[in-house]
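Both of the next two complexes hold chain A, though its partner changes from chain B to chain C.
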Partner chain A sequence: MNQTVSLSETLGRGELIGGHRPWPRAVVTPEIWQELAIGLGKRVYTLLGLWGEPENVNLALFQEASGEIGVASLNCPDGGFPSLGHVCPPAQRLERALADLFGLQPLTGPDARPWLDHGRWPIRHPLGAAQTRSGPADPYPFLTAEGESLHQIPVGPVHAGIIEPGHFRFTANGETVVRLEERLGYVHKGIETLLRGATLDSAARLAGRVSGDSSVAYALAFARAVEAACGIAVPERALWLRALLAELERLANHFGDVGAVCNDAAFSLMQAHCAVLRERVLRASATCFGHRLLMDRIAPGGVTTDLPAEGQPLLHKLVVDLRRQFKPLIELYDNTASLQDRTVATGVLNSELARQFGAGGYVGRASGRNFDARRMPGYPPYDRLRFEVPVLSAGDVDARVWIRIHEVGQSLALIEEILDRLPSGPIRADLPPVCGPGEGMALVEGFRGDILVWLRLAADGAVERCHLRDPSWFQWPLLEAVIEGNIVADFPLCNKSFNCSYSGHDL
Partner chain B sequence: MRKLLFQNLLRRTLTQAAPQPSQTALAELGERLKVTTRRRLGRSLSIREVDAGSCNGCELEIHALNNAYYDVERFGIRFVASPRHADVLLVTGPVTANMREALQRTYNATPDPKWVVAVGDCGRDGGVFCGSYACVGGVGEVIPVDLHIDGCPPTPEQLLEGLLALLAMQ
Partner chain C sequence: MALIIDWLVQGFQMLLVLALCPLLIGFVRKVKARLLRRRGASVLQPYRDLRRLLLKEVVLAESASWLFRVVPYLVFSAVWVAAALVPTFASGLAFNWTADLIAIVALLGSARFFLALAGLDVGASFGGIGSSREMMIASLAEPAMLMMVFTLSLLAGTTQLSSVAQYLLTDGVGLRVSLLLAMLALFIVAIAENGRIPVDNPATHLELTMVHEAMVLEYSGRHLALIELAAALKLTLYLSLLACVFTPWGMAEAQAGWSAYLLGLLAYLAKLAVGGFLLAVFETGIAKMRVFRVDEFLGAALMLGLLGILLLFVSRSL
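Presenting the complex of A and B:
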C-alpha cells in the first residue's frame, strides 16, 4: 500500500454516505477494507472504533500524519466480515463484542471466545437478529501459561475495595506475574439497545450514565454528535460553560486518582488530602450547577444550567485555594522516597504499544503518545484557549501520576481563563421540532481519554443507532501487558494508575 | 511530610456535624422490623460494598463517605474487604444478568444477622437501565432488601442519613 494515500482518498473510492458529519463515512468494498486493514497493521491509521449494525460493520480510523478521521462501513451479507484482529490487536475485543451483540462473525479472527456475553442473557445477539437462548453457557476457557511452579490466582468479579466488578486471572511464578488475563462484561447493561428508539432527552440521560465518573464528557460527546448530525449551532456561552464543566470533572477525577494511587502504595496521607480537594470540587459543582457529578448539565443544543452570578467568584476562589493546597502535596509526592520506590519503574508501558493501541489520556501521554482530542481533532472553545498537553516518556506508574498532576495545573488555569472570558448570552439553542434524519460523530477528551460517540437519527428524531466507545477499550488490554513481570502486590497500583472504566467498557 | 503533619494538627478539622437519621429510612426499616425480628448488630456496622452493575457514579459518592468531611468511621461504620466480615451489604446498580450470581453468592457468604441496603435509583428498580435484556432490575429482585437510599447518585449526606438510620434501629 502506498503510504501517502490519504484516508479520505481511500474512502472516496467507496460509496460516500451523504449526511454523515463532520467526517466522511463510506460504504467500502472488501478490497478497500483489506487495504485499510493493511494500513492499520502498518500503523498508517490508528483504530478509533469498530461497531456493528444488524447488517454491516463500521470502522472508524484516524490518520495521524494528515489528521484525517473517517468511517468505513462494510456490508456483511453472509453474516461475517474479515477480521482485523491479527494485524490490529486493539480490534480484537471490539470484534468479540460485536459478534456477541450482533452475531456478525469476525472471519478467521484470532480469538473466537465470547466477550460481553457470559451466557446469562435471555437472548443471543440482542442488537442483531435476536434469538432466544437455550441451555446454559459453556465454561469460559481462560488462556493458559505453561512452565514450572506456576500457580493461578483468580480475583473478582467482586473485589475487596469499593470498585467495579471484573475478573482477573493471574498466573504467577512465586511473586512474579507471568500472565494476567482480564475477563470483563459483568456490568454490561445493554445501553446500546436501550438507546435504540430513545428520544433525544432520554438518550442524553443514558449517555451521561455510561460511566458515572465521565458523565460530563459522555454527555458532551453525545450532544456534539447530535449537533453534528442536525447541523445545530451551539450558543457561545454554552460552549464555554461546557468546557468549564469538563475541566471541573477532570479536576475532581485527577485529584481522586492521585490520592488513590498513593493509597494503593500504602501512603494514605496523600489520599486523605486529595480526597478533600476532590470533595471541594464536587461541592463547588453542586453549588454552581446543582449536581455534584454534573450529570445532565449538558444536552443537545447547549447546557441545561447556567452559571449563577455568585458562581464566578466562588470558582475563582476555589481555583486559588486548590492551587495553594495542592502544591505541598505535589512536593510530598515528589520527596517521599518510600512512595517513589513503589511508583517509579513499576508497570512500564512502552511507547510502541501505546501507539499501536492508540491509548488515550494519561495512559498514552505517560508513554509518549501526544494525543488529546481537545487539540486534535479539537473542538470549541479549546481552539481559543491556552493550554499545554503534558507528555512524558517513562510510561510507569509514576509518569501516569505526573501527567495527572500536570493536567490538574492545566485545568486550573483553563478554568480561570474560561471564567475571565465567559461570554454572555443564551445557553441553549432552540432545537428544530424534529432533529434528523442524519448521522453524526464526535470525539471528546474525557479525563481518562478520548470518548467516541457515533449515532444515526431517524426521520422522526429518535435515535436509530448509537454507539459509545470508552477510552478503556484500548487501555484495558495494555494493563495486561504492563503487569507482566511485576509482582502481584503491585497490581493494585498499576490498575489504579490506569483507572479504566468497567461500566464504560461493558456498556 | 513533617511540616504537613504538623500543620494538620493546628488546623481546624473539616469534619461536619452528623446529619439526623433519615425519617423515610427509619420508617422503611421500622416496617421491615415488624415483619422479621432480627438480632441486633451492635453499635457498629461493617459494610461490604457490592457493585452489581452500577455506572460507577454511586461508587464515587460511597467513596466520599470516607473523606474528612463525612468521616463515617467516627460512627463505627467501616468498609470491609470480605462479605464474611460484613453486617451490611451496600449494593449499587441495576443488577445485571452477568452479576446476578456473584451478588447472590456474596449475600450467601455474609453471615447472619445481615442487612441489605440498595443504593441509588438503579438499586431500587433498575433506574435508567430498566427494561434491558441485560438487567435483572433492582437489588430486591435478587436478594431481600432492608433499606433503599434513592438518588442518582445519592449524595454522601443522603447515604449517611440512611446508614445512621440503620444504626438507630438497633
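Presenting the complex of A and C:
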C-alpha cells in the first residue's frame, strides 16, 4: 500500500455520503475497510473513534501527516465486521462495547469477552436488535498470568474512598505488578440509548452530563456537531465566550488534579492549597455564569448566559490572583524532594504507545505526542488566539503534572486575552424551526483530551443517533501498560496522574 | 500508707495514658488541619469515634477464625501495659521495676505479631499486603530500636526506664553525641512504628498504599475500637518514651508528694503537646515515601543507633 495516499482519496473510492459535515463520511467496501485497517496498523492513521449503528459500523480516522479526518462506514448485513483489534489495540475495547450495545460482532477479533455488558441489563444489545436476556451471563474470565509465587489482588469496584466504581485485577509478585487488568462499565447509564429520539434541548443537557468534570467540553462538542450538521453560524461573541468557559473548566480541573496527585503521595499540603484555587475558579464561574461547573451554559447555536458587565474585571482579578498564588505552589512542588522522589520516573508511558493509542490530553503530551484538538483540527476562536501546547517527553507522573502546570499558565493567558478582545454582539444564533436532517461531527479539547461527538439528526429535528467518545477510551488501556513492573503501592499515584473518566467511558 | 499511694499513683498513670491517647490523636489531627488551612474536627472527635465504634455491632468475615476475634483484646492489652510502664509524670512508681525497655520492645513486638496474623487470618488480599509490609517494616524497626536501647543502657548502666530517666536527670550527663544519635534513631522508629507519614499514611483512603490500615481493614465495631485505641496508645507511648528519656525535666521523683506530681503532670502534658505539634508539622511537610524506600529510612535509624554505641565504646564521655 502506498503510504502517501491521503485519507480523503481512500474514502473517495467509497460512496461519499452527502450532508456529513465538516469532514467526509463514506460507505466503504470490505476491501477499503481492510486497507484502512492496514493503515491503522502502520500508524498512517490514528484511531479517533469506532461506533455502531444498527446496520453498520463507523470508523473515524485522523491522518497526522495531512491533518485529514474522515469517517468510514461499513455495512454489516451479516451482523459482523472485520475486527481491527489485532492491528490496532486501541480499537479492542471500542469493538467489545460496540458488540455489547449493537450485537455487531468483530469477526476474528482478539477478544470476544463482553465489555460494558456485565450481564445485569434486562436486555441485550439495547441499541441494536434488542432481545430480553435469557439466563445469567457467563462469569467474566480475566486474563491469566502464570508463574511461581504470583498472587492476585482484586480491587474495587467499590473503593475505600468516594470515587467512581471500577474493578482492577492485579497479578503481582510480592509488590511488583506483573499484570493489571481493568474491568469497567459499572456506571453505564445508557446515554446513547437515551439520546435516541431526544429533542435537541434535552440532548444538549444530557450531553453536558456525560462526565461531570467535562461538562463544558461535552456540551461544546455536542453543540458544534449540531451546528455542523445544520450549518448554523455561531455569533462571534458566543464563540469567544465558549472558549472562556472551556478554559475556566480546564483551570478548575487542572488545579484539582495537581493537588490530588500530590495528595496520593500523602502530601496533602499541596491539595489544600490547590483546592482553594479550584474553589476560587468555581465561585467566579458561579458569579459570572450562574453555575459552578458551568453546566448548560453552552447550547447549540451559542451560549445561554452572557458574561455580565461586572464579570470582566472580576475574571481579570481572578487571573492575576491565581497566577500570583499558583507560583509558590509550583515551587513547593518542584522543591519538595520527598514528593519528587515519588513522581519522577514513576509510571513511565513510552511515546510509542502514546502515539499508537492516540492518547490525548496531558497523557499524550507528557509522552511526546503533540496533539491538541484546539490546534489540530482547530476550531474558532482558538485559531485567532495565541497559546502554546506544552509537550514533554519523560512520560512519567511528574511530566503529567508539569503538563498540567504549564497548561494552567496557558489557560490563564488565554482567559486574559479572551477578556481583552471579547467582541460584542448577540450570544446565540436563532436555530431553524427544524434542524436536520443531517450528520455532524466535532472534536473538542476537554481538560482530559479530545472529545469526539458524532450525531445524525432526523428530518423532524430530533437526534436519531449520537455517539460521544471520551478521551479516556484511549487512556485507560495505557494505564495498564504503565503500571506493569511498577509496585502495587504506586498504582494510586499513576492512576491519579491519568485521572481517566469512568462515567465518560462507561456512558 | 506509702505503698497504697504508690499503687494509686501507678493506677492513675495507667488510666492517664488510656484517657489521654485519643486526645493526642485528636490534637495531632487538629494541628494538621490548621496547617492545611482547614478548620478540622474537634480534638474530642476520636473519643466520639471510639464511642460510635463501641456501640456498633461487629461484622465478622465468614472465614474469620477465633484468632481474629481474640487479637484485638491481645493487642490492646499488650500495648496498654507497655504504655503504662513508660514513666510519664513521675519516676519510681510501683511497677517501675518492670518498666524495662527490652520488655516494652517485646510487648510491642508481640502485639504486632498477633495483628499481622489477624491480617492474614481472613484471607483477603489487603490483609496479606498489609501484614507483609508491616513485617518488613518491623524487621527493620526492631533492631534499630534495640540499638537505641543498648546506647541508653551502656550510658545509664541499666535498661530500666525509670532509672535511665533518673540518671539522665543528674548533672553529670551533659550534652552527648551518642544521646542525640539515639534520639534521632528513636524518632525514626517512632514514625515507622506508628504508621505515620512518610512511612504510612493513617488518613489515606487508598487501599493499595495502606500498611497498618490494610491489616485492620476487616475489623469493625468494638474490635476496631480496641485496635484504634491501641494505635493511639502506641503513639502516646512513643512520645512519652521520647519525653522520658531525652527530656526528663520536670518529672517527679519517687514519693515526691502531690505538688511535685502535679508539676510533673503539667510538664508531661506540655511535652506531649510539643511532641504532637512537631509530629504534625513534620508530617505536613513531607510526602510519603515509596514502600521500598522504607528500608533505607529505617536503615538510617539502625546506623544511628550503632554509631551511638560505637561512640560510647570509643569514649565514655561522648
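What we mean here is this: the second predicted complex is superposed on the first by the 507 of 507 C-alpha atoms of A that agree within 3 Å, B and C clash if a C-alpha of one lies under 4 Å from a C-alpha of the other, contacts with A are read in each partner's own complex, and residues count from 1 in each chain.
Throughout what follows, contacts are C-beta pairs under 8 Å (C-beta built on N, C-alpha and C of every residue); 3 or more make two chains touch, one makes a residue touch a chain.
It should be emphasised that the depicted structure is a prediction, and the values quoted were computed from it without experimental measurement.
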Margin query: A:Pro126 in the overlay: touching chain B, chain C, both, or neither? Say first, second, both or neither.
Written below: first
Check: Just chain B (first), just chain C (second), both, or neither: which does A:Asp490 touch?
Finding: second
Notebook entry, point to check: Just chain B (first), just chain C (second), both, or neither: which does A:Ile191 touch?
Noted result: first
Notebook entry, point to check: Is A:Leu269 in contact with chain B, with chain C, with both, or with neither (first, second, both, neither)?
Noted result: both
Next item on the list: Look at A:Glu175 in the shared chain and tell me whether it touches chain B only, chain C only, both, or neither; answer first, second, both or neither.
Entry: second
Note to self: Under the stated touch criterion, which partner chain does A:His151 make contact with: chain B (first), chain C (second), both, or neither?
What the structure shows: second
Next item on the list: Answer with first, second, both or neither: which of chain B and chain C does A:Gly161 touch in the superposed model?
Entry: both
Checklist line | Which partner reaches more residues of chain A (counting touched residues only), chain B or chain C | finding: B
Note to self: By the touch definition at the top of the document, which applies to A:Arg209: first (chain B), second (chain C), both, or neither?
What the structure shows: first
Note to self: Taking the superposition on A as described, I'd like to know which of chain B and chain C A:Thr336 touches: first, second, both or neither.
What the structure shows: both
Checklist line | Intersection of the chain A residues that touch chain B with those that touch chain C | finding: 160-162, 269, 272-273, 276, 336
Next item on the list: Mind listing the chain C positions that touch chain A in their complex?
Entry: 32, 35-38, 125-126, 128-129, 132, 197-198, 201, 203-209, 284-293
Check: Taking the complex as given, what residues does chain A use to touch chain B?
Finding: 118, 120-123, 126, 157-158, 160-165, 185-191, 193-194, 202, 205-206, 209-213, 215, 256, 269, 272-273, 275-276, 278-279, 282, 286, 292-293, 295, 328-329, 332, 335-336, 501-503
Margin query: So in the complex, the part of chain B that touches chain A is made up of which residues?
Written below: 1, 3-5, 14, 49-64, 66-69, 79, 81-83, 93-94, 96-102, 106, 128-129, 131-135, 152-153, 155
Item checked: Sites on chain A touched by chain C in the complex -> 151-155, 159-162, 174-175, 262, 264-269, 272-273, 276, 336, 338-339, 341-342, 487-492
